[in-house]
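The chains carry the letters A, B and C, assigned in the order they are written, with residues numbered from 1 in each.
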Amino acid sequence: MRYFFKTIHLIDYKNIVPKTVIGLFIILILLIPVFTRNVVTLSTLIMTGIWAVAAMGFTLVLRTGQFSLGQSAFMALGGYASAILTAQMGLPFWPSFLVSGLVSGLIALLVGMVVLRVGGIYFSIITLALGEIVRIIALQWEPLTRGSRGIIASAPPPIILGGHELVNFNASLAPYFYFMICLVAVTGLVFWRIGESRLGRTFAGTALNPVLAEHQGIYLMKYRVIAFTVAGVFTGYAGALYTHFLQVITPMVFGLWQSIQIMIMSIVGGIGSLVGGPIVGSILLYNLGEYLSRLDTPGLQSFLFGSVVVIVVMFLPQGAGLVNLWERFWNKVVWREEEYEPDEPED
Amino acid sequence: MPYLELKNVSKHFGRLAAVEEVNLQVGKGEILGIVGPNGSGKTTLINLISGYYRPTKGTIYFNGKKISGLRPDKIAELGIIRTFQSNVLYEGTTVVESMLISSYQQYSTNNWQSFLETKAWKDDNEKAVGRVIELVKLLDLLNDTFLPAEGLSHGYQRMLGIAMAMIANPQVLLLDEPTTGMNHEEAMFVVDKIKLLSEQGVTVILIEHNMKVLLNVATRVVCLSFGNKIADGIPEEVMNEKEVIEAYLGTEIL
Amino acid sequence: MPPAEILIEGLTQSCIYMTMAFGMVLVFSILGILNWTHGQLFMLGAFIVFYSTTAAGIPFPIGILLAGLVMAGIGILIKKFIIDRIKGELYIGVATLALIFALEGAASLLFTSDDRGLAIILPGVLNLGVVAISYQKMAVIIFTLIVMTAMYFVLNHTKVGLAIRAVAQQPVAASLYGISTERLSLIVMGIGCALAAMAGAIMAPLYPINPFIGRTPMIMALLAIVIGGLGSLTGAIVGGLILGFLHSVIAYYISYLSEVVLFGLIILILLVRPQGLFGASAK
């Protein structure tokens, strides 16, 4: 579990990647819509970003030692909140969007205050049930959610500045792309700060040894609830963006299977980093899933996806995700550093 | 008014009475040793004071305030900090990281300031690190500062456990067999530190099997047998009482 | 009081949840992990019995045993070649969760994702005056009784059973007394998987079969385990019983959002008894 909590640095670790490289990389990403207008490429990237945000939420909850199997429920909550507010109630887009994450966060807060008292495997199974509850309500509360037909959600309105139309969401996918980038950036920034701050330390204590942490004055439930709520808020925004990007939300799109995918993205990507791991995980696994879904044989996609994940997990070094492999590679090849491997205690 | 007081405290597990009607008063700065054969309820007593268990009957007061029934974190907040019988660590962290997690209560800035990385938080964090380094030096863990906690030898893991309790700035320190698995020198080293704490006004309650250590450090000794308090007094007298010797049946007395 | 048919339906459901939950808890108590693929083993068991009775003409009871045997083998393979090669509970959890996708995909590839139905093997209804039970449902209930009795006998009166209980309570002590935890965990994995598969097989004539039928029983079995108290075999049985009845009875009274009410009730039970009905209390 060495890679689980690298959150507490005393020494300034050498920047794993030089800042200029990161800067160039970010500029390149920002310029993608300039180079390509390809609908498939852009929509794949947008979806990757949305799942990355959801996976970050899962990782944050996992940082407090809790294994949530209902993260997609918060995507559904955010998506439905935004769709209901705009399409069913006719409210303007931006306030509705802002509220959607808060609705999802509020539900996370309420559920968390009830369930996180127990924690552990009970939390996993109850969040799993929560996912089902949300799905069933969406399916059966027809007056509000239109049941299995789903709600048609419109695109965000064009942004007009001084009589000049600045951004038009209907013209191309580029505005959605930048919308996604903003969401990932804000989520990443918030989560990164959480990881680096005292909260990150306290989360680590809560996860690594709840009994000890409790006897040192840490109120476990408070920190579990904070993580769960913050994750709920941002996962909700991811769901709202998803809804307005696809312009429809049905009860089918967020269920246990999506929650499991979120979890797999987070863990395979690497839980050692709150932001990088989920992003790497979602880039690889979302694209793997997309690529496989083009295969025509039904079942083959699901079979290959599952098998690849099993094989990847089998060959990952303990406690490391793909993002850590990248780190190791960088340290070894670029910095030519000797890796510090503590002696395994005998037992 | 006694500093820490247990009034008729009992803890039953089903029909087993682990602690039965114990009355105990501890003064500020005292070093109280708890002895008794295995299964006599020593650890249960510490679990009761620290809030891990709720007493079946009776009340515990600290500074005149009722603490029995509070959550462990609330009790820790009041300054009652404990260690554990086995090596209980934050596995996967280094020594310094464990200590920083344990300094949870010692920050003057709140989570928001830390989140926003304000100047106040940076200063506060530096102070916290300073305190950790100081304590790590004091407890001879300096060479191991950046080693993973679970990689330390048994004795040093126990030392880390004590360090993690001390960094929380306790008013009352509950030590559950702090010197098991240590050699004589290490044990005496711990004794010195306990005395140092006591001089600063910290109350220490320790469970100890090593009589040399106990007689050296404790100002008062309580003996438990089958959950009952059978003796209470200055160490030499307690250890010579007939009942105490009978309870041990000569197995551990020196 | 709901009509007796609803109660019979509830009992049939209970039997399935019970058998699944029992197998999962058994595996959990020895391996210390939840095997998330139990639902898919249930589904594969149903398919095996479907093909063995329709295509190969094997009698239904033998088909059930065959399903149990084959899936026990697959369970042992999963344990040996996947679970044993992964370190850390978290990563084993991920692998078994990913296996759900793999197994469902494999089933869709082999059997296509269409619904198929097995003709009722035991037609006819037993009329008891107040209540009529179809023989098929009776078979489910009797089968479950037989399996549970057999499990009780195995756990209490055989060497393997005693070893299982010893390891579940004190793994270290048990291994010091010469019980091979490794071999035992393979046996237990086999038994657990066989139970799931046989539950699927016995249910096959009652419900349509497709590659996704394992999902609901798995979720229900998990909830049964939580209600009963994780790690308690009695708890798994009682939890399964409660859940099956609640499910049917609630659905009878309120068809609208009945599952939500069910889950709400479960959360309520856990609020009162977080450790489950038969779980050991920590404090």
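Odds and ends about this structure:
Note that a residue touches a chain if its C-beta (ideal position, glycine included) is under 8 Å from a C-beta of that chain, and two chains touch if they have at least 3 such contacts.
Computed from a prediction, not measured in an experiment: that's the story for all the values here.
Comparing each chain's Cα centroid with the centroid of every protein Cα atom identifies chain A as the most central. Using the average of C-alpha coordinates as each chain's centre, B ends up farthest from chain C. Chain A and chain B have Cα centroids lying 41 Å from one another. If each chain is reduced to the centroid of its CA atoms, chain B and chain C end up 46 Å from each other.
Remark: chain A and chain C have CA centroids separated by 32 Å (rounded to whole angstrom).
The set of chain A residues touching two or more other chains comprises 1. In chain B, the residues touching two or more other chains are 52. Here chain C touches chain A in the complex through residues 34, 82, 85-88, 90-91, 93-95, 97-109, 112-113, 211, 215, 219, 222-223, 225-226, 230, 256-257, 259-260, 263-264, 266-267, 270-271, 274, going by the rule given at the top. Residues of chain A that touch chain B in their complex: 1-2, 4-5, 8, 10-11, 193-194, 196-199, 201-202, 204-205, 208-209, 211-220, 342-343, 345. The part of chain A that touches chain C in the complex is made up of residues 1, 67, 114-115, 117-118, 121-122, 125-126, 128-130, 132-133, 136-137, 140-141, 256-257, 260, 263-264, 267-268, 271, 297-307, 309-310, 313-314, 316, 318-319. Only residues 50-52, 71-74, 76-77, 81-82, 84, 88-93, 96-97, 100-102, 104-105, 107, 109, 111, 114-117, 121, 125, 129, 146-148, 150-151, 164-165, 168 of chain B touch chain A when the two sit together in their complex.
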